[in-house]
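Some notes on the structure that comes next.
Chains: A, B, C, D, E and F, in written order; residue numbering restarts at 1 for each.
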Amino acid sequence: ADSPATDMNAPEAEVWLPTLLTDTPQQGFELAVGMARRAVKTAQPDVEVLKSLRPGYATDAGSLIDVSGVAATWFATIAAANDYWRE
Amino acid sequence: ADSPATDMNAPEAEVWLPTLLTDTPQQGFELAVGMARRAVKTAQPDVEVLKSLRPGYATDAGSLIDVSGVAATWFATIAAANDYWRE
Amino acid sequence: ADSPATDMNAPEAEVWLPTLLTDTPQQGFELAVGMARRAVKTAQPDVEVLKSLRPGYATDAGSLIDVSGVAATWFATIAAANDYWRE
Amino acid sequence: ADSPATDMNAPEAEVWLPTLLTDTPQQGFELAVGMARRAVKTAQPDVEVLKSLRPGYATDAGSLIDVSGVAATWFATIAAANDYWRE
Amino acid sequence: ADSPATDMNAPEAEVWLPTLLTDTPQQGFELAVGMARRAVKTAQPDVEVLKSLRPGYATDAGSLIDVSGVAATWFATIAAANDYWRE
Amino acid sequence: ADSPATDMNAPEAEVWLPTLLTDTPQQGFELAVGMARRAVKTAQPDVEVLKSLRPGYATDAGSLIDVSGVAATWFATIAAANDYWRE
(Lines give C-alpha, C1' and ligand atoms only; values in the text may rest on other atoms or scores of the structure.)
Protein backbone atom coordinates (compact mmCIF):
# COMPACT_ATOMS: atom_id res chain seq x y z
CA ALA A 1 0.00 0.00 0.00
CA ASP A 2 1.44 3.37 -0.96
CA SER A 3 0.98 5.02 2.43
CA PRO A 4 2.97 8.09 3.55
CA ALA A 5 5.17 5.67 5.53
CA THR A 6 6.66 4.19 2.37
CA ASP A 7 7.12 7.42 0.41
CA MET A 8 8.74 9.22 3.43
CA ASN A 9 12.48 8.61 3.27
CA ALA A 10 12.73 6.62 6.51
CA PRO A 11 15.56 8.33 8.47
CA GLU A 12 17.10 4.96 9.42
CA ALA A 13 17.00 2.10 6.90
CA GLU A 14 17.94 -0.31 9.71
CA VAL A 15 15.22 -2.63 11.00
CA TRP A 16 14.92 -1.57 14.64
CA LEU A 17 11.31 -2.60 15.23
CA PRO A 18 10.71 -6.11 13.87
CA THR A 19 7.84 -6.81 16.29
CA LEU A 20 5.84 -5.43 19.25
CA LEU A 21 5.84 -8.88 20.86
CA THR A 22 8.10 -9.44 23.87
CA ASP A 23 8.48 -12.37 26.21
CA THR A 24 7.80 -10.47 29.45
CA PRO A 25 6.07 -7.29 30.69
CA GLN A 26 9.47 -5.94 31.72
CA GLN A 27 10.79 -6.33 28.14
CA GLY A 28 7.57 -4.64 27.00
CA PHE A 29 8.36 -1.75 29.37
CA GLU A 30 11.90 -1.49 27.94
CA LEU A 31 10.53 -1.62 24.38
CA ALA A 32 8.14 1.23 25.27
CA VAL A 33 11.07 3.31 26.57
CA GLY A 34 13.02 2.43 23.41
CA MET A 35 10.15 3.48 21.12
CA ALA A 36 9.63 6.70 23.10
CA ARG A 37 13.29 7.58 22.54
CA ARG A 38 13.06 6.65 18.85
CA ALA A 39 10.14 9.04 18.47
CA VAL A 40 12.24 11.82 20.02
CA LYS A 41 14.99 11.06 17.47
CA THR A 42 12.55 11.60 14.58
CA ALA A 43 12.49 15.25 15.70
CA GLN A 44 16.13 15.46 16.82
CA PRO A 45 18.39 12.82 15.19
CA ASP A 46 21.59 14.35 16.66
CA VAL A 47 22.45 12.16 19.67
CA GLU A 48 24.98 14.71 20.93
CA VAL A 49 22.25 17.35 21.13
CA LEU A 50 20.00 14.89 22.96
CA LYS A 51 22.80 14.13 25.46
CA SER A 52 23.32 17.85 26.02
CA LEU A 53 19.64 18.20 26.95
CA ARG A 54 19.74 15.43 29.57
CA PRO A 55 21.10 17.43 32.55
CA GLY A 56 18.20 19.84 32.03
CA TYR A 57 15.19 17.53 31.79
CA ALA A 58 16.66 14.89 34.15
CA THR A 59 16.59 17.42 37.01
CA ASP A 60 13.21 18.94 36.10
CA ALA A 61 10.25 17.34 37.86
CA GLY A 62 7.76 18.45 35.21
CA SER A 63 9.79 16.88 32.44
CA LEU A 64 10.30 13.66 34.39
CA ILE A 65 6.55 13.39 35.02
CA ASP A 66 5.90 13.94 31.30
CA VAL A 67 8.51 11.29 30.39
CA SER A 68 6.54 8.79 32.48
CA GLY A 69 3.27 9.78 30.83
CA VAL A 70 4.78 9.30 27.37
CA ALA A 71 6.21 5.90 28.34
CA ALA A 72 2.75 4.93 29.65
CA THR A 73 1.16 5.67 26.26
CA TRP A 74 3.75 3.64 24.35
CA PHE A 75 3.48 0.82 26.94
CA ALA A 76 -0.31 0.70 26.64
CA THR A 77 0.00 -0.24 22.98
CA ILE A 78 2.74 -2.81 23.55
CA ALA A 79 0.80 -4.40 26.42
CA ALA A 80 -2.30 -4.71 24.24
CA ALA A 81 -0.16 -6.20 21.46
CA ASN A 82 1.04 -8.87 23.88
CA ASP A 83 -2.47 -9.49 25.28
CA TYR A 84 -1.04 -8.22 28.57
CA TRP A 85 1.21 -11.31 28.87
CA ARG A 86 -1.79 -13.02 30.46
CA GLU A 87 -1.19 -16.68 29.93
CA ALA B 1 -22.65 10.44 4.56
CA ASP B 2 -22.64 14.23 4.65
CA SER B 3 -20.26 14.60 7.59
CA PRO B 4 -18.25 17.81 8.31
CA ALA B 5 -15.28 16.02 6.69
CA THR B 6 -16.86 16.17 3.24
CA ASP B 7 -18.15 19.74 3.39
CA MET B 8 -14.80 21.08 4.79
CA ASN B 9 -12.70 22.06 1.79
CA ALA B 10 -9.93 19.52 2.36
CA PRO B 11 -6.69 21.58 2.28
CA GLU B 12 -4.95 19.00 0.09
CA ALA B 13 -6.99 17.18 -2.56
CA GLU B 14 -4.18 14.64 -2.90
CA VAL B 15 -4.78 11.19 -1.46
CA TRP B 16 -2.06 10.93 1.19
CA LEU B 17 -3.76 8.45 3.50
CA PRO B 18 -5.18 5.53 1.49
CA THR B 19 -4.98 3.11 4.42
CA LEU B 20 -3.83 2.65 8.04
CA LEU B 21 -2.53 -0.83 7.20
CA THR B 22 1.24 -1.29 6.93
CA ASP B 23 3.36 -4.38 6.47
CA THR B 24 5.52 -3.94 9.59
CA PRO B 25 5.44 -2.22 12.99
CA GLN B 26 8.31 0.01 11.84
CA GLN B 27 6.24 1.23 8.85
CA GLY B 28 3.38 1.77 11.29
CA PHE B 29 5.74 3.91 13.43
CA GLU B 30 6.71 5.94 10.35
CA LEU B 31 3.05 6.34 9.36
CA ALA B 32 2.31 7.61 12.87
CA VAL B 33 5.10 10.20 12.55
CA GLY B 34 3.77 11.13 9.10
CA MET B 35 0.20 11.57 10.40
CA ALA B 36 1.45 13.60 13.38
CA ARG B 37 3.20 15.98 10.99
CA ARG B 38 0.12 16.15 8.73
CA ALA B 39 -1.96 17.18 11.73
CA VAL B 40 0.53 19.98 12.45
CA LYS B 41 0.15 21.15 8.83
CA THR B 42 -3.62 21.50 9.26
CA ALA B 43 -2.80 24.33 11.70
CA GLN B 44 0.30 25.62 9.85
CA PRO B 45 0.36 24.70 6.14
CA ASP B 46 3.46 26.86 5.43
CA VAL B 47 6.39 24.41 5.37
CA GLU B 48 8.91 27.28 5.51
CA VAL B 49 7.41 28.44 8.81
CA LEU B 50 7.53 24.87 10.13
CA LYS B 51 11.21 24.59 9.13
CA SER B 52 11.94 27.87 10.89
CA LEU B 53 10.47 26.46 14.11
CA ARG B 54 12.63 23.32 14.06
CA PRO B 55 15.83 24.73 15.67
CA GLY B 56 13.64 25.83 18.58
CA TYR B 57 11.66 22.69 19.42
CA ALA B 58 14.44 20.29 18.33
CA THR B 59 16.66 21.62 21.13
CA ASP B 60 13.91 21.90 23.75
CA ALA B 61 13.55 18.83 25.94
CA GLY B 62 9.92 19.57 26.82
CA SER B 63 8.92 19.83 23.18
CA LEU B 64 10.81 16.65 22.26
CA ILE B 65 9.07 14.74 25.08
CA ASP B 66 5.71 16.05 23.84
CA VAL B 67 6.56 15.03 20.25
CA SER B 68 7.06 11.47 21.50
CA GLY B 69 3.77 11.52 23.38
CA VAL B 70 1.92 12.71 20.28
CA ALA B 71 3.57 10.02 18.12
CA ALA B 72 2.55 7.45 20.73
CA THR B 73 -1.12 8.44 20.42
CA TRP B 74 -1.07 8.24 16.61
CA PHE B 75 0.84 4.93 16.79
CA ALA B 76 -1.67 3.42 19.22
CA THR B 77 -4.41 3.79 16.60
CA ILE B 78 -2.28 2.45 13.74
CA ALA B 79 -1.14 -0.53 15.83
CA ALA B 80 -4.76 -1.38 16.67
CA ALA B 81 -5.68 -1.03 12.98
CA ASN B 82 -3.01 -3.60 12.12
CA ASP B 83 -4.01 -5.92 15.00
CA TYR B 84 -0.53 -5.20 16.36
CA TRP B 85 1.08 -7.10 13.43
CA ARG B 86 0.45 -10.28 15.43
CA GLU B 87 -0.19 -12.72 12.62
CA ALA C 1 -32.77 9.73 28.10
CA ASP C 2 -32.65 13.00 30.05
CA SER C 3 -28.86 13.38 30.05
CA PRO C 4 -27.05 16.74 30.44
CA ALA C 5 -26.65 16.71 26.64
CA THR C 6 -30.37 17.22 26.06
CA ASP C 7 -31.04 19.76 28.79
CA MET C 8 -27.94 21.87 27.82
CA ASN C 9 -29.11 24.35 25.19
CA ALA C 10 -26.96 23.05 22.35
CA PRO C 11 -25.05 26.16 21.08
CA GLU C 12 -25.78 25.27 17.44
CA ALA C 13 -29.11 23.62 16.57
CA GLU C 14 -27.66 22.63 13.18
CA VAL C 15 -26.85 18.97 12.65
CA TRP C 16 -23.11 19.03 12.03
CA LEU C 17 -22.25 15.52 13.23
CA PRO C 18 -24.72 13.03 11.71
CA THR C 19 -22.24 10.13 11.91
CA LEU C 20 -18.65 9.13 12.81
CA LEU C 21 -18.53 6.86 9.75
CA THR C 22 -16.46 8.02 6.77
CA ASP C 23 -15.55 6.30 3.54
CA THR C 24 -11.76 6.63 3.90
CA PRO C 25 -9.10 7.11 6.59
CA GLN C 26 -8.30 10.52 5.09
CA GLN C 27 -11.94 11.63 5.55
CA GLY C 28 -11.71 10.26 9.07
CA PHE C 29 -8.61 12.43 9.62
CA GLU C 30 -10.49 15.49 8.31
CA LEU C 31 -13.48 14.67 10.52
CA ALA C 32 -11.13 14.46 13.52
CA VAL C 33 -9.72 17.91 12.70
CA GLY C 34 -13.29 19.21 12.25
CA MET C 35 -14.41 17.81 15.63
CA ALA C 36 -11.29 19.20 17.33
CA ARG C 37 -12.16 22.66 16.01
CA ARG C 38 -15.81 22.24 17.04
CA ALA C 39 -14.68 21.46 20.57
CA VAL C 40 -12.61 24.66 20.61
CA LYS C 41 -15.74 26.60 19.54
CA THR C 42 -17.67 25.28 22.56
CA ALA C 43 -15.26 27.35 24.65
CA GLN C 44 -14.87 30.25 22.16
CA PRO C 45 -17.78 30.56 19.71
CA ASP C 46 -16.49 33.87 18.24
CA VAL C 47 -14.76 32.91 14.98
CA GLU C 48 -13.15 36.35 14.70
CA VAL C 49 -11.43 35.81 18.06
CA LEU C 50 -10.29 32.38 16.91
CA LYS C 51 -8.87 33.86 13.71
CA SER C 52 -7.04 36.51 15.73
CA LEU C 53 -5.35 33.76 17.76
CA ARG C 54 -4.07 31.89 14.69
CA PRO C 55 -0.86 33.91 14.02
CA GLY C 56 0.14 33.16 17.61
CA TYR C 57 -0.36 29.39 17.89
CA ALA C 58 0.47 28.71 14.20
CA THR C 59 4.01 29.95 14.79
CA ASP C 60 4.45 28.34 18.21
CA ALA C 61 6.01 24.86 18.11
CA GLY C 62 4.51 23.84 21.45
CA SER C 63 1.01 24.73 20.35
CA LEU C 64 1.43 22.97 17.00
CA ILE C 65 2.65 19.80 18.75
CA ASP C 66 -0.38 19.97 21.07
CA VAL C 67 -2.72 20.47 18.09
CA SER C 68 -1.41 17.20 16.65
CA GLY C 69 -1.89 15.40 19.96
CA VAL C 70 -5.48 16.61 20.19
CA ALA C 71 -6.20 15.55 16.60
CA ALA C 72 -4.71 12.15 17.41
CA THR C 73 -7.17 11.66 20.28
CA TRP C 74 -10.18 12.61 18.15
CA PHE C 75 -8.87 10.42 15.29
CA ALA C 76 -8.44 7.41 17.58
CA THR C 77 -12.18 7.41 18.28
CA ILE C 78 -13.17 7.91 14.64
CA ALA C 79 -10.81 5.16 13.48
CA ALA C 80 -12.30 2.73 16.02
CA ALA C 81 -15.80 3.75 14.89
CA ASN C 82 -14.86 2.82 11.32
CA ASP C 83 -13.15 -0.44 12.39
CA TYR C 84 -9.98 1.17 11.03
CA TRP C 85 -11.32 1.00 7.44
CA ARG C 86 -9.94 -2.54 7.39
CA GLU C 87 -12.01 -4.30 4.81
CA ALA D 1 -19.96 -2.09 47.19
CA ASP D 2 -18.40 0.38 49.63
CA SER D 3 -16.17 2.17 47.11
CA PRO D 4 -14.83 5.72 47.63
CA ALA D 5 -17.66 6.90 45.33
CA THR D 6 -20.35 6.03 47.88
CA ASP D 7 -18.59 7.21 51.02
CA MET D 8 -17.48 10.53 49.36
CA ASN D 9 -20.25 13.04 50.04
CA ALA D 10 -21.24 13.57 46.39
CA PRO D 11 -21.13 17.42 45.91
CA GLU D 12 -24.47 17.41 44.04
CA ALA D 13 -27.17 14.93 45.15
CA GLU D 14 -29.02 15.63 41.87
CA VAL D 15 -28.94 12.92 39.23
CA TRP D 16 -27.19 14.63 36.35
CA LEU D 17 -25.70 11.57 34.66
CA PRO D 18 -28.37 8.86 34.34
CA THR D 19 -26.70 7.26 31.30
CA LEU D 20 -23.81 7.54 28.79
CA LEU D 21 -26.16 6.50 25.99
CA THR D 22 -27.30 9.18 23.55
CA ASP D 23 -29.31 8.99 20.36
CA THR D 24 -26.77 10.67 18.08
CA PRO D 25 -23.01 11.37 17.90
CA GLN D 26 -23.76 15.08 18.22
CA GLN D 27 -25.58 14.49 21.54
CA GLY D 28 -22.62 12.35 22.55
CA PHE D 29 -20.34 15.31 21.76
CA GLU D 30 -22.53 17.61 23.87
CA LEU D 31 -22.56 15.07 26.72
CA ALA D 32 -18.76 14.95 26.57
CA VAL D 33 -18.59 18.75 26.84
CA GLY D 34 -21.10 18.60 29.72
CA MET D 35 -19.07 15.96 31.58
CA ALA D 36 -15.84 17.90 31.01
CA ARG D 37 -17.45 20.96 32.61
CA ARG D 38 -18.81 18.86 35.48
CA ALA D 39 -15.30 17.60 36.17
CA VAL D 40 -14.06 21.20 36.33
CA LYS D 41 -16.80 21.94 38.88
CA THR D 42 -15.54 19.17 41.16
CA ALA D 43 -12.44 21.32 41.61
CA GLN D 44 -14.20 24.71 41.45
CA PRO D 45 -17.91 24.54 42.33
CA ASP D 46 -18.33 28.36 42.29
CA VAL D 47 -19.89 29.17 38.90
CA GLU D 48 -19.15 32.89 39.32
CA VAL D 49 -15.44 32.10 39.63
CA LEU D 50 -15.64 29.90 36.54
CA LYS D 51 -17.36 32.70 34.60
CA SER D 52 -14.66 35.13 35.69
CA LEU D 53 -12.00 32.81 34.24
CA ARG D 54 -13.67 32.59 30.81
CA PRO D 55 -12.29 35.81 29.23
CA GLY D 56 -8.82 34.50 30.06
CA TYR D 57 -8.88 30.94 28.71
CA ALA D 58 -11.31 31.75 25.86
CA THR D 59 -8.72 34.06 24.30
CA ASP D 60 -5.72 31.83 25.02
CA ALA D 61 -4.83 29.44 22.19
CA GLY D 62 -3.05 27.00 24.47
CA SER D 63 -6.05 26.69 26.76
CA LEU D 64 -8.47 26.30 23.84
CA ILE D 65 -6.31 23.52 22.37
CA ASP D 66 -6.28 21.79 25.77
CA VAL D 67 -10.08 22.18 26.08
CA SER D 68 -10.42 20.26 22.80
CA GLY D 69 -8.05 17.53 23.99
CA VAL D 70 -10.03 17.10 27.21
CA ALA D 71 -13.33 16.95 25.30
CA ALA D 72 -11.77 14.32 23.01
CA THR D 73 -10.95 12.09 25.99
CA TRP D 74 -14.48 12.35 27.43
CA PHE D 75 -15.96 11.81 23.94
CA ALA D 76 -13.85 8.69 23.37
CA THR D 77 -15.54 7.00 26.33
CA ILE D 78 -19.04 8.11 25.35
CA ALA D 79 -18.53 6.98 21.75
CA ALA D 80 -17.38 3.55 22.93
CA ALA D 81 -20.40 3.37 25.26
CA ASN D 82 -22.68 3.97 22.27
CA ASP D 83 -20.79 1.50 20.06
CA TYR D 84 -19.96 4.54 17.93
CA TRP D 85 -23.63 4.91 16.88
CA ARG D 86 -22.83 2.38 14.14
CA GLU D 87 -26.13 0.87 13.29
CA ALA E 1 2.86 -12.87 42.24
CA ASP E 2 5.72 -10.83 43.70
CA SER E 3 5.04 -7.65 41.71
CA PRO E 4 6.31 -4.21 42.76
CA ALA E 5 2.81 -3.53 44.13
CA THR E 6 3.20 -6.08 46.93
CA ASP E 7 6.79 -5.30 47.89
CA MET E 8 6.15 -1.51 47.89
CA ASN E 9 4.98 -0.58 51.39
CA ALA E 10 1.46 0.52 50.46
CA PRO E 11 1.13 4.09 51.94
CA GLU E 12 -2.36 3.34 53.30
CA ALA E 13 -3.12 -0.21 54.55
CA GLU E 14 -6.86 0.65 54.48
CA VAL E 15 -8.91 -0.92 51.69
CA TRP E 16 -10.17 2.12 49.82
CA LEU E 17 -10.62 0.51 46.38
CA PRO E 18 -12.46 -2.79 46.74
CA THR E 19 -13.87 -2.65 43.19
CA LEU E 20 -14.15 -0.55 40.01
CA LEU E 21 -17.79 -1.55 39.65
CA THR E 22 -20.44 1.04 40.48
CA ASP E 23 -24.20 1.01 40.11
CA THR E 24 -24.49 4.14 37.96
CA PRO E 25 -22.39 6.29 35.59
CA GLN E 26 -22.61 9.13 38.11
CA GLN E 27 -21.06 6.94 40.84
CA GLY E 28 -18.43 5.94 38.26
CA PHE E 29 -17.73 9.66 37.71
CA GLU E 30 -17.37 10.19 41.46
CA LEU E 31 -15.09 7.13 41.75
CA ALA E 32 -12.94 8.57 38.96
CA VAL E 33 -12.63 11.87 40.86
CA GLY E 34 -11.84 9.90 44.04
CA MET E 35 -9.10 7.86 42.31
CA ALA E 36 -7.64 11.01 40.73
CA ARG E 37 -7.35 12.56 44.18
CA ARG E 38 -5.85 9.36 45.61
CA ALA E 39 -3.19 9.45 42.90
CA VAL E 40 -2.33 13.03 43.90
CA LYS E 41 -1.95 11.85 47.52
CA THR E 42 0.64 9.26 46.48
CA ALA E 43 2.86 12.24 45.61
CA GLN E 44 1.66 14.54 48.41
CA PRO E 45 0.12 12.67 51.37
CA ASP E 46 -0.19 15.84 53.51
CA VAL E 47 -3.85 16.91 53.22
CA GLU E 48 -3.09 20.32 54.76
CA VAL E 49 -0.59 21.02 51.96
CA LEU E 50 -3.17 19.91 49.38
CA LYS E 51 -5.78 22.24 50.93
CA SER E 52 -3.30 25.12 50.83
CA LEU E 53 -2.84 24.57 47.08
CA ARG E 54 -6.57 24.72 46.32
CA PRO E 55 -7.03 28.52 46.11
CA GLY E 56 -4.28 28.51 43.49
CA TYR E 57 -5.38 25.77 41.08
CA ALA E 58 -9.11 26.36 41.66
CA THR E 59 -8.80 29.85 40.18
CA ASP E 60 -6.42 28.87 37.37
CA ALA E 61 -8.13 27.98 34.10
CA GLY E 62 -5.22 25.87 32.86
CA SER E 63 -5.20 23.76 36.01
CA LEU E 64 -8.98 23.32 35.95
CA ILE E 65 -8.85 22.16 32.32
CA ASP E 66 -6.09 19.68 33.24
CA VAL E 67 -8.13 18.43 36.22
CA SER E 68 -10.95 17.58 33.79
CA GLY E 69 -8.57 15.79 31.44
CA VAL E 70 -7.18 13.70 34.30
CA ALA E 71 -10.69 12.81 35.51
CA ALA E 72 -11.56 11.80 31.93
CA THR E 73 -8.67 9.32 31.84
CA TRP E 74 -9.64 7.75 35.17
CA PHE E 75 -13.32 7.69 34.09
CA ALA E 76 -12.50 5.96 30.79
CA THR E 77 -11.13 2.98 32.71
CA ILE E 78 -14.03 2.84 35.17
CA ALA E 79 -16.58 3.10 32.36
CA ALA E 80 -14.94 0.22 30.50
CA ALA E 81 -14.89 -1.79 33.74
CA ASN E 82 -18.64 -1.30 34.03
CA ASP E 83 -19.26 -2.06 30.34
CA TYR E 84 -20.48 1.54 30.13
CA TRP E 85 -23.53 0.73 32.32
CA ARG E 86 -25.20 -0.38 29.07
CA GLU E 87 -27.82 -2.80 30.18
CA ALA F 1 12.84 -11.63 18.83
CA ASP F 2 15.66 -9.11 18.41
CA SER F 3 13.67 -6.03 19.40
CA PRO F 4 15.25 -2.83 20.77
CA ALA F 5 14.22 -4.07 24.23
CA THR F 6 16.72 -6.92 24.15
CA ASP F 7 19.63 -5.08 22.49
CA MET F 8 19.25 -2.05 24.85
CA ASN F 9 21.34 -2.71 27.96
CA ALA F 10 18.49 -2.91 30.45
CA PRO F 11 19.45 -0.42 33.24
CA GLU F 12 18.38 -2.86 35.96
CA ALA F 13 18.95 -6.60 35.42
CA GLU F 14 16.62 -7.30 38.39
CA VAL F 15 13.16 -8.68 37.58
CA TRP F 16 10.86 -5.99 38.93
CA LEU F 17 7.88 -6.57 36.65
CA PRO F 18 7.08 -10.29 36.45
CA THR F 19 3.40 -9.69 35.67
CA LEU F 20 0.67 -7.04 35.24
CA LEU F 21 -1.81 -9.25 37.09
CA THR F 22 -2.74 -8.28 40.63
CA ASP F 23 -5.30 -9.67 43.02
CA THR F 24 -7.22 -6.43 43.64
CA PRO F 25 -7.85 -3.04 41.98
CA GLN F 26 -5.99 -1.38 44.85
CA GLN F 27 -2.87 -3.47 44.14
CA GLY F 28 -3.35 -2.56 40.47
CA PHE F 29 -3.37 1.13 41.51
CA GLU F 30 -0.15 0.63 43.50
CA LEU F 31 1.46 -1.22 40.58
CA ALA F 32 0.51 1.71 38.32
CA VAL F 33 2.20 4.14 40.72
CA GLY F 34 5.23 1.82 40.88
CA MET F 35 5.50 1.63 37.08
CA ALA F 36 5.09 5.40 36.77
CA ARG F 37 8.02 5.87 39.14
CA ARG F 38 10.08 3.26 37.27
CA ALA F 39 9.53 5.18 34.05
CA VAL F 40 10.82 8.34 35.75
CA LYS F 41 13.95 6.41 36.81
CA THR F 42 14.69 5.48 33.18
CA ALA F 43 15.31 9.21 32.66
CA GLN F 44 16.81 9.92 36.09
CA PRO F 45 18.27 6.82 37.79
CA ASP F 46 19.77 8.85 40.69
CA VAL F 47 17.33 8.42 43.60
CA GLU F 48 18.98 11.24 45.55
CA VAL F 49 18.25 13.66 42.71
CA LEU F 50 14.65 12.42 42.60
CA LYS F 51 14.30 12.96 46.35
CA SER F 52 15.69 16.48 45.98
CA LEU F 53 12.98 17.27 43.44
CA ARG F 54 10.12 16.14 45.70
CA PRO F 55 9.67 19.34 47.77
CA GLY F 56 9.23 21.19 44.47
CA TYR F 57 6.67 19.08 42.63
CA ALA F 58 4.87 17.92 45.80
CA THR F 59 3.84 21.53 46.52
CA ASP F 60 3.04 22.43 42.92
CA ALA F 61 -0.58 21.92 41.94
CA GLY F 62 0.19 21.60 38.24
CA SER F 63 2.73 18.86 38.85
CA LEU F 64 0.40 16.99 41.22
CA ILE F 65 -2.41 17.10 38.64
CA ASP F 66 0.00 15.76 36.01
CA VAL F 67 1.16 12.99 38.37
CA SER F 68 -2.47 11.85 38.63
CA GLY F 69 -2.90 11.91 34.86
CA VAL F 70 0.23 9.80 34.38
CA ALA F 71 -0.93 7.29 37.02
CA ALA F 72 -4.30 7.10 35.24
CA THR F 73 -2.62 6.12 31.97
CA TRP F 74 -0.53 3.39 33.62
CA PHE F 75 -3.60 2.20 35.58
CA ALA F 76 -5.72 1.98 32.42
CA THR F 77 -3.36 -0.65 31.02
CA ILE F 78 -3.14 -2.62 34.26
CA ALA F 79 -6.92 -2.58 34.68
CA ALA F 80 -7.39 -3.91 31.15
CA ALA F 81 -4.77 -6.58 31.84
CA ASN F 82 -6.79 -7.73 34.84
CA ASP F 83 -10.11 -7.56 32.96
CA TYR F 84 -11.03 -4.83 35.46
CA TRP F 85 -11.12 -7.39 38.32
CA ARG F 86 -14.70 -8.08 37.24
CA GLU F 87 -15.36 -11.59 38.38
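Just so we're on the same page, a contact is a pair of C-beta atoms (placed from the backbone, for glycine too) under 8 Å apart; a residue touches a chain by one contact, two chains touch by 3 or more.
Small disclaimer: the values here were computed from a predicted structure and weren't measured.
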_Both-way neighbours, i.e. chains that touch subunit D and touch subunit B_ = C
*Note down the smallest number of touching-chain steps it takes to go from subunit B to subunit C.*
1
*Angle (degrees, nearest 5) of the CA superposition of subunit A onto subunit F*: 60
*Which chain is most remote from subunit C in terms of Cα centres?*
F
*Since subunit D and subunit E are copies that touch, just let me know if over half of their interface numbering is common to both, same, or not, different.*
different
*Considering only mean CA positions as chain centres, point out the chain farthest from subunit A.*
D
*Using CA atom averages as chain centres, what separation in Å is found between subunit D and subunit F?*
27
*Between subunit C and subunit F, what is the gap in Å from one C-alpha centre to the other?*
31
*Could you tell me which residues belong to subunit B and also touch two or more other chains?*
16-21, 35, 38, 57, 60, 62-63, 66-67, 69, 73, 76, 80
*Classify the inter-chain contact topology: is it line, ring, star, complete, or other?*
ring
*Ring of chains, enumerated from subunit A in the sense that reaches subunit B first*: A, B, C, D, E, F
*How about subunit F: which of its residues touch subunit E in the complex?*
16-22, 24-31, 33-35, 38, 57-69, 71-73, 75-76, 79-80, 84-86
_In the complex with subunit B, residue positions of subunit A that touch it_ = 1-6, 8, 10, 15-21, 35-40, 42-44, 49-50, 53, 56-57, 60, 62-63, 66-67, 69-70, 73-74, 76-77, 80-81
